[in-house]
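By written order: A, B, C, D, E and F. Residues from 1 in each chain.
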Amino acid sequence: MQMHDAKRVEVIIEAVMEKQVVRVLEEAGVSGFTILPVLGGSGRSGRWTREGMVGRASGMIAVICLIAPGRLDSLLEALFPVLTDHIGVVSVTDTHILRAERF
Amino acid sequence: MQMHDAKRVEVIIEAVMEKQVVRVLEEAGVSGFTILPVLGGSGRSGRWTREGMVGRASGMIAVICLIAPGRLDSLLEALFPVLTDHIGVVSVTDTHILRAERF
Amino acid sequence: MQMHDAKRVEVIIEAVMEKQVVRVLEEAGVSGFTILPVLGGSGRSGRWTREGMVGRASGMIAVICLIAPGRLDSLLEALFPVLTDHIGVVSVTDTHILRAERF
Amino acid sequence: MDQILSLAGQNLLSPVILFFVLGVAASLARSDLTFPEAIAKGMSLYLLFAIGFKGGASVSQHGADLSLGLAVVVGVVLSFVLPFVAFALLRILARGVSVTDAAAVAGHYGSISIVTFVAATSLLTAGGIAHEGYMVAVAAAMEAPAIVSALWLAVRGGAGGKMDKDLWREILLNGSIVLLLGAFAIGWITGERGMAEVAPFIVAPFKGVLCLFLLDMGIVAGRELRKAGRVVTPGVVAFGLVMPLVGAAFGLAAGLGLGLSAGGVAVMMTLSASASYIAVPAAMRVALPKANPALYLTLALGITFPFNLTLGIPLYMAISQTLAGG
Amino acid sequence: MDQILSLAGQNLLSPVILFFVLGVAASLARSDLTFPEAIAKGMSLYLLFAIGFKGGASVSQHGADLSLGLAVVVGVVLSFVLPFVAFALLRILARGVSVTDAAAVAGHYGSISIVTFVAATSLLTAGGIAHEGYMVAVAAAMEAPAIVSALWLAVRGGAGGKMDKDLWREILLNGSIVLLLGAFAIGWITGERGMAEVAPFIVAPFKGVLCLFLLDMGIVAGRELRKAGRVVTPGVVAFGLVMPLVGAAFGLAAGLGLGLSAGGVAVMMTLSASASYIAVPAAMRVALPKANPALYLTLALGITFPFNLTLGIPLYMAISQTLAGG
Amino acid sequence: MDQILSLAGQNLLSPVILFFVLGVAASLARSDLTFPEAIAKGMSLYLLFAIGFKGGASVSQHGADLSLGLAVVVGVVLSFVLPFVAFALLRILARGVSVTDAAAVAGHYGSISIVTFVAATSLLTAGGIAHEGYMVAVAAAMEAPAIVSALWLAVRGGAGGKMDKDLWREILLNGSIVLLLGAFAIGWITGERGMAEVAPFIVAPFKGVLCLFLLDMGIVAGRELRKAGRVVTPGVVAFGLVMPLVGAAFGLAAGLGLGLSAGGVAVMMTLSASASYIAVPAAMRVALPKANPALYLTLALGITFPFNLTLGIPLYMAISQTLAGG
């Protein structure tokens, strides 16, 4: 099976920032991303959980974005201002994708 | 800690295709997989979200499958027909696993 | 953008073990982790799904932990006793993170 | 005509419709008002449970005769036939639409929308017009056959499409069909006694839940409309408004032929006029993946559903009242 | 005997049971009818809230005396003792079952199933038979002790098992125990006045919610049965049908000894006959991870729960009516 | 004074408050009793739907005049002004708190808590004290303006903070505002007729849902308290108890000035005394990310909310009864 090099960017960020992150991704010309729900977690600001919560004020989402390696830098640069001051973790992993014509 | 090489296959695919993907994985002799819910996303077919939806017609799931490297090709070949014509993204990442006797 | 080497540890484990895993992570000095919900899956013990379930007895969660490479071994050693006898899969992937001062 | 206008006016000012409008407006204005998926699904399970049970209890009360079986058979036939009509009409009105897309759309219009059905029966009940309790069973029977016709149309048109045993099972044992028919059967078996036990849960609060559910439907429909963009040509819009009327005409003929009450005829018209937006879209994604969901979802949910909800149903009621006595 | 048959027949044709059967059937036929996890959990919270509150309000109305405390103590003792009985019975009936598995199963049968309890009290209420309101507190008290016995059995049998402070806290402060006892206490404190405020939410619609919940339980039980496969030997099935009767006999003795009303005795029998499928399985996964969940879940949810629901409860009611007057 | 004590006592023993206390206790004891997020959100949608609709229906019944518009304007002004008061008070009582944190906290206290509003109206209804139906609209109007003041305070204090078009839209088209005002409008338009349709869903079961919702709120508040730790200095606690009284005084003046009924004055006091814990925290995370959520959530949810719920509301009621007749 023909595979192509790609990067898997995983942004774990506050749920309230969803719109901002999406806007940045779209402006950076990212062709697609997927948002996963997050149940809870822990960090410097302590433990949290979504159980029983009504508002979005606390809690994170995970945004997964597969992109061509050449586009990584512009994506991260666009993402950086959104992350400043906000709670969030960004990891970039080397991966391989099928059907690269999509990216 | 003794670690073993493995592949982490992540299939983000339409929720309606769950049964088909599962059947393919089982036929390809995959020993295990895990299905994560997906909240929303964006791609060539635009933005979508599961919020407020009743049916499964729109929306994706993420299937994660850790397998021994030697089995990757047969898995991908089995998976390919299911992906044709269907919305979905497949990535394969090198990883390491504990307790390889399970895979 | 300045990136730093890190490890992405993904623990897919029984939901009932959440407290135990969290305790181990905290004792191992892990600075943060994120818990994702899991919809269903398959393994040696067969297919399962969270649909319609009330209790936590069946079903898994996914714990994602980004850590500095030097801390990996102590984390895995701390994790190992919790995994013994329990259903669960652990994978460790090389990754790169932004803002390493957090980890 | 006066009667139609007054019925339509009354309908447009009912809480149920106004909450739908609120949902559409909120969605178009990009408010973040949304329902969790689990709550939306929970409300739809409640509605299926309630209308299935009430239908069965009503059959047990009024007795069932041959007419139930006949109505179900006619419903199945309608569901098989209507996709051909819809396919032809869409190809005429919107020439740009591909065979695959037209076949997929046709499947939606042969099948039914259960919320449109509920809205019609609510309006009938509010107006004191009775209808046959077994129309719930007819609704369930009309869900699936249209899918077969749609796939046949696609295959014949060389557009592919696949139909295997698993898909069959999925369609026939679809959760909403099973719950609807199961609750219907249980309502029938347990009759008045059963109804007395569950009535405080499924009768009195029903309208309120329906309001909330239609608020959610409005939000989703508004989202669909916002995304509609390129696919919605004038021809497509025309189809979305004309096809329900054509379907309703078939339903009228069927209802009169079956000798249904005026309320029953109105329901038959509504079922034929309505387009599926839950079961059929899912089946189409599996069996006809090349068909464009933006087209059929916009049509079913964004155009035909609001049309039936606001103007269609009062119109069908007025016509059935005129032609089937009342 | 006639009475038993008529009660059983009546029970089998109640909507609650029929919806459970619908769920099992849908699941075995592989329908995709399912409830979102959040809705299932929401319904179970509603049921715990409602029965806890109603029990407390009833105690406040009829006054509480020593008998409440005594019944709770007897319940705790039963919960400690029944696992030993279950362990011995299972080892006799199904020789292939390991010590660990037998200990885990035993824990389930010492504890209780709250939905079985609700089904029994519904049937009693429908039959106009009163029972002591504090039986809710007895139910809560019987949830946890059996876990201790199970672990003791496992440790003694060399099968390992661990019990630390955290597990203790988890068991005793288990959400369902806290909600049940909390609502019981609040119902007791606020009495008639409180009941007047919440009655329209927890009394009239209760049966309807119970129907939906049992539909969900049926789906889950059917799933468990489909997976049961190898673990279900004839001996295991026999245990799943005999153990509730043995448990009920213990409950009968306890109820008569306590001088409970006929309804109260029936409830005590039902509690003793029922097997936990929420709290204990979770505790066993933590404390006895080597025990096979397929075995205990199939037994508790796939065999004993349906048995009690359909035949067991009417039987216990008939026996208690005969022996404790009525 | 006697009246206050008796009202407070009665309030403290109402099921609604007791379930809140149960939630806090369960949470502090680390019970695993929790509600799924979807159920919590579903209950809050139900409450907004119900109180919006009831408010509108009441306006349609009693007619609306200039006073509605005036009350809304006064509410908006209060919401703009109160943050300045809160900011100053917090800087005096807790000197360690930074400008950013103080501005964020101030925004919460200018805005309102809808559940506190509901608790107050429930208590009024239970006591047979009428209030203006349009107070719901006032509540909705008071949600957002405080955010602007908070950002202004932050910017002026050199603490940054950003306010763009999107944030504006988000605040004004916030789901809870849209649902509250939408349901209010629909209740108003459909009046008695509409109310008759949805009453069995939104009137009788309301209190029961409120109990469950407050149980959940108690669990969340207890969690917040457990985490509070370092941020909660004596000065902060003092602010959390004094600020509601100060806010209530402003509300009292406004209510008397508007010539509201005694019930209306009590509601105005409650609104002014309450602190947002849903809309404002989310807005602050976006616009003032450097502010510490532990501080404002502990204050709003862990200190002021329980205070108002238990002691505040009866106090405001007693004062308004005394000063506005009744």
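Note that contacts are C-beta pairs under 8 Å (C-beta built on N, C-alpha and C of every residue); 3 or more make two chains touch, one makes a residue touch a chain.
What you see is a predicted model, and the numbers here were worked out from it, not measured in a lab.
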Fewest touching-chain hops separating chain B from chain E: 2
Among all the other chains, which ones are in touch with both chain D and chain E? F
Note whether the interface between chain A and chain B is symmetric in residue numbering, meaning over half of all numbers used appear on both sides, and answer same or different. different
Just curious, how far off is chain F from chain B if you go by their C-alpha centres, in Å? 45
Please report how many Å separate the Cα centroid of chain A from that of chain D, as a whole number. 39
Go ahead and note the Å separation of the Cα centroids belonging to chain A and chain C. 19
Show the residues in chain E shared as contacts by 2 or more other chains, in ascending order. 34-39, 41-42, 170, 205
Please list all residues of chain A that touch 2 or more other chains. 36-37, 47, 93-94
Pairwise chain contacts, counting only pairs that touch as defined: A-B, A-C, A-F, B-C, B-D, C-E, D-E, D-F, E-F
Listed in rising order, chain B residues that touch chain C in their complex are 1, 3, 6, 8, 22, 25-26, 31-37, 61, 64, 66, 93-99, 102
Tell me, which parts of chain E touch chain C in their complex? 34-37, 40-41, 44, 166, 170, 216, 219-220, 223, 227, 277-279, 281-282, 284-286, 289-290, 293-294, 297
In the complex of these two chains, what residues of chain E are touching chain D? 13-16, 18-19, 22, 25-26, 29-39, 42, 126, 204-209, 211-212, 215
The answer for chain D against chain E in the complex is residues 36-39, 41-42, 45-46, 49, 53, 169-170, 173-176, 178-179, 182-183, 185-186, 189-190, 194, 197-198, 200-202, 205
Inside the complex, what are the residues of chain C that reach chain B? 10, 12, 36-44, 47, 60, 62, 73, 76-77, 80, 83, 89-94
